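In the two complexes that follow, subunit A is the common piece, with subunit B as its partner first and subunit C second.
Up next, the complex of A and B:
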């Protein structure tokens, strides 16, 4: 690697006479470069020299195109002779398969035929085209500049500053209504209060998801898991929106296994605990319960929550424990909520703690 | 535009006399010509030259799979109902009969089970979409590793990058349309992701979903984006992409006779048209074959969306994997409350990191041009080994992406190989952070090793496998010299040295200049010079 003045790259200080520092692309001296040997001689293909091969390839191409016709016709036939019979899933499979295979043959026949034709029979010589710099010629650019100058002079675009500036102002302001009219993509009400409340309230029964059958405390045996929705959710107008906040997971642990923090002593009922099923990370249902370890696992991003420890996060990207739903039983022995959740459920949002 | 035919000169006649049966063609050509002067267009483009290399077809795959997507998608729009209105399913699939679901889900089931060819078209559409994003990605890697993004093609790189992002958006919106359990959970993740963005997150989610998640509007809105906005912008960008391709002409790999000032290859008419046109049918045919035989996105197994159930081992479509994986890799506890506001770094960090990654991809051509100070046009594509630092940067980027992508399957890796999910996650965390550095150094070493091998072969030929006993009893293996045409492929690349720091007129050396010189040194320091004429002569002197 030769350097113009023999100094180490990057350390040599060389004076140049321009105000702007040279961009200094340093391509190494080319005088000792090998020269381009030019185009290699043309190597004829077998079909260029052997007329029999030429005819053979020509026949092959025609056969491929004929196969394509057969395939397309077969697809139409398959559409008719493999109908979908109501309730018969096998017929769906046959219809898809044979229709698809027919279309495949119709397409591949054309494809292979055309490519084979181009590779074996069409003229095989490489051609050369010269390149020109992408930048237009001096004359072209001069004319383009002249046109802009004329346009400017004839319209007075830069001379009539008042017109120009008001036009720019008008163009900037005119799209604003198009932004504003999208306001009604969402209802007028503030979303934050909605996110902080669910269908749970004092006395609302815990019912099975999705049937809505109320759950007795005595039904909840040790180690069993219940997927729970509030009573009346299925009749609610915003069923899915409410369910996305109110879904709860219910398990019974030995009361001795439970670590209960002060203030939450009466939130469980004889070891039966209810936690929000909506992950505090990005909101997937935390639906996988490991009976042996009492861990809940979110299948989306693998956050794990410890049910014995107030659903604290023990692994994964979630930060906050799953909110606990305070529960008790009513006089008929059914599990009921003591109140709504005392904090917003589901994924975090900016105004969550306000 | 001159088209010259090189050796051996092939005789062609410029005017073809009309043969029998061509009267109609002539008449039609004249009719159109009188009204459009189309002949000028044909004259300019009809014999345009396209160089040939297998890697040049990756972009074609992307273009053709997009056409397949448009065709199959149009069929689907005739049957799909983009509505979240609740209906009771009464179609043919027995397991879901009588269930309440959105009209979108019900009509998707009808397309799958009650309309002949409907399932085939759905599967063609989905497979083609997967192939579309994949081929754009591979096409971009080809462009990157061969330096084909250099001047004058930087703008086309940006256009292509925008199409890549748009393709992912199209994929995700399409994936969400059937309103099944899997896509609904995907939307739920997007909702959680948006809500985690400071200040504007809550309202943005509220506006997108038309109220609280999931709302009744998402499918209809995504439909407009998916079938109107997205495709319209994509078609426009494809137009720009192809026009720039024609203006800049295609790059070519180095080869005998090929220079920066010519394009060597086949003309559009007839060879390229036949090859490329045939290739469209091949791509379409292969997609159809896969769609006819391999099930994709069986929404009937997932059921309609409901915020409560979920299946284990949920996976997004492959191209969303890197984003999902980034979410999984964040360790616990990255969320803070500051002055009452909740700052979700467990969401913000992956969003920012992915954003930065994409920005780096988009602006790389300009960064490299600045570091190298190279303002010349480049039409000969680099072999990756001849730009070791760029190749190493690319390898690092690919490794980083692969780490994120692997993370999206961390649960499946854990169950499949009987490992703990904690261990797998930790392993991928380490691989994603340290892997790119390892990949950088390994790739660079491999490149330089390959360059050394090329040098060796160019100078001394290749081992012929022929052992000869010399009169003195010594055995040697005869080295066979390359032909000058083959050798040219190994030696025809530019050699660069790092920039020197140059003071301006007043003798100042700016900080920018120093940074740039340091980066240039980093970029060009480890480089093997191409074999020179003198070296060849010297090497041959030894042998003869």
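Up next, the complex of A and C:
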């Protein structure tokens, strides 16, 4: 690893002798040892031998820097000439496009110019620069120890034990407010009941999302689909959190098309069925309903649920059917829930009993 | 079961009465209407009856058209989906096979068979409704299939929700009202005519305004954007790295 062709390595460069690692008791065949081939021989670049090429490259670097100047000025001009007008998305597009192009040219011109300069015009010899040792000199180390000792003597850190101990105590206690504050980022109450229950309860009307207008059974015609929120959701304190759990999809099927398992006979109302819209896989809203096949598709991972078979999974990674909301009608013909969901909605969690 | 049947009859009766009420506004009386019906019937029997039956009663290949209304015919024939070119996962949009007058005749004929949804009134199609409300309704009711930017999306087994970049207000309204193919129906109890007008306003807004971010890459989200970044952005980084480390000539 010698400096071939005698480029001046400068003060920072020193020869590196690699240590030969111990081979233990193994027998080493010296003929296997590969000699460090060092750098390939120095090959002059075209700008090293041809002054015309040297001037050409020099001009190129200057052109790149000039392009950078042009780009930066263009960015300023474009920002003024193409202002963002309120309510005009096309103006946003022009503004960001030209501003971005100008700044890009401004920065890339500097970068490309600097790299081209160093590659074609600066000294082209290969060098080895070894790392400096990190250990300080003995004198520096002795001086550091002296400063510590002196500091200890002057402050009495080891002698005045009460000051020292109270300082340590203060340092230990000082982060505690942060711990108390950040602790409140966690759910205030046990999150498991929150995951198991939604706003649905006996007698809660099914209402349209987002208006909150209640839905009559007679509104739900065959083939139509309603996106449903529980009555009172829009007034609730944690509207979005509650909606994320309580969102429901409502469709009407011919009663003959429904396959109802024992115990769920009164969960639909004359073919109107309501299922949780939250996918049991990872909780995306499942709402791609095909009215002819009665398939419900989750857009995130392509789980498919069969609405005629109690939202049974027929394709994809979801493991459980969508929970069904038991519904009926009240005296005025509006659809109401018979109860909350009888199982937790959405994806699995640790405390969920299967 | 009896009560279910009664309810169904009741529903059909109210739906029919409602539809009859809404169609009566456009239905014409007199000879011209009768002539249009005859013309539509001739067109129907020449072009549609092989699948839908001579009296539109439906066959095993295609559903009955009795009661689908003028809106369904205007949508299906007006967008070229019907007559279908071939059987497949879904009938594809193509250049319409009939003139506007022929479509109107067909629609009038089918509407004369039984009451059904009528062609919507112009005042709901002007795109001057409540844009903000329309965007919210679109996100809740439409965006899961048609994409929030109306770029369309895939459904199951080769079916897809078409992009909405070229859809007219009338066809959008008719699609919501009649639920063509696998699209669900959004009847006027679910999305009122004014809400439909708002949704059409949002669709027109999407059609008329360019993407503020420049190239929208089909508005398909992470797939096309990721592919672009992987190929072009990473390609540029690889190229620059090769150039940086290569020795100059």
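Definition applied: the second predicted complex is superposed on the first by the 255 of 354 C-alpha atoms of A that agree within 3 Å, B and C clash if a C-alpha of one lies under 4 Å from a C-alpha of the other, contacts with A are read in each partner's own complex, and residues count from 1 in each chain.
What we mean here is this: a contact is a pair of C-beta atoms (placed from the backbone, for glycine too) under 8 Å apart; a residue touches a chain by one contact, two chains touch by 3 or more.
Everything numeric in this text was worked out from a predicted model, so none of it was measured.
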item	value
Touching partner for A:349 - first (subunit B), second (subunit C), both, neither	first
Partner chain in contact with A:107 - subunit B first, subunit C second, else both or neither	first
Subunit B versus subunit C as contact partner of A:295, first or second or both or neither	second
When both partners are placed on the shared chain, which of subunit B and subunit C touches more of subunit A	B
Which of subunit B and subunit C A:226 touches, first, second, both or neither	second
Touching partner for A:120 - first (subunit B), second (subunit C), both, neither	second
First (subunit B), second (subunit C), both or neither touched by A:318	first
Subunit B versus subunit C as contact partner of A:216, first or second or both or neither	second
Touched partner set for A:171, first subunit B, second subunit C, both or neither	neither
Which superposed partner A:49 touches (first subunit B, second subunit C, both, neither)	neither
Those residues of subunit A which subunit B touches in one complex and subunit C touches in the other	89, 92, 96-97, 115, 119, 209-210, 227, 285, 287-288, 297, 299, 302, 315
Residues on subunit A engaged by subunit B in the complex (per definition of touch)	1, 3, 7, 9-28, 32-42, 79, 83-84, 86-89, 92, 95-97, 99-101, 103-108, 110-115, 117-119, 122-123, 125-131, 133-134, 182, 185-187, 191-192, 194-195, 209-210, 227, 229, 238, 240-241, 243-245, 247, 277-279, 281-285, 287-288, 297, 299-303, 313-320, 346-354
Residues of subunit A touching subunit C in the complex	45-47, 89-90, 92-93, 96-97, 115, 119-120, 124, 208-210, 215-216, 218-227, 251, 255, 270-271, 285, 287-293, 295, 297, 299, 302, 304, 315
Complex contacts: residues of subunit C adjacent to subunit A	1, 3-4, 7, 10-11, 14-15, 136-137, 140-141, 144-145, 153, 155-157, 159, 161, 179, 181-187, 189-190, 209-214, 243-244, 247-249
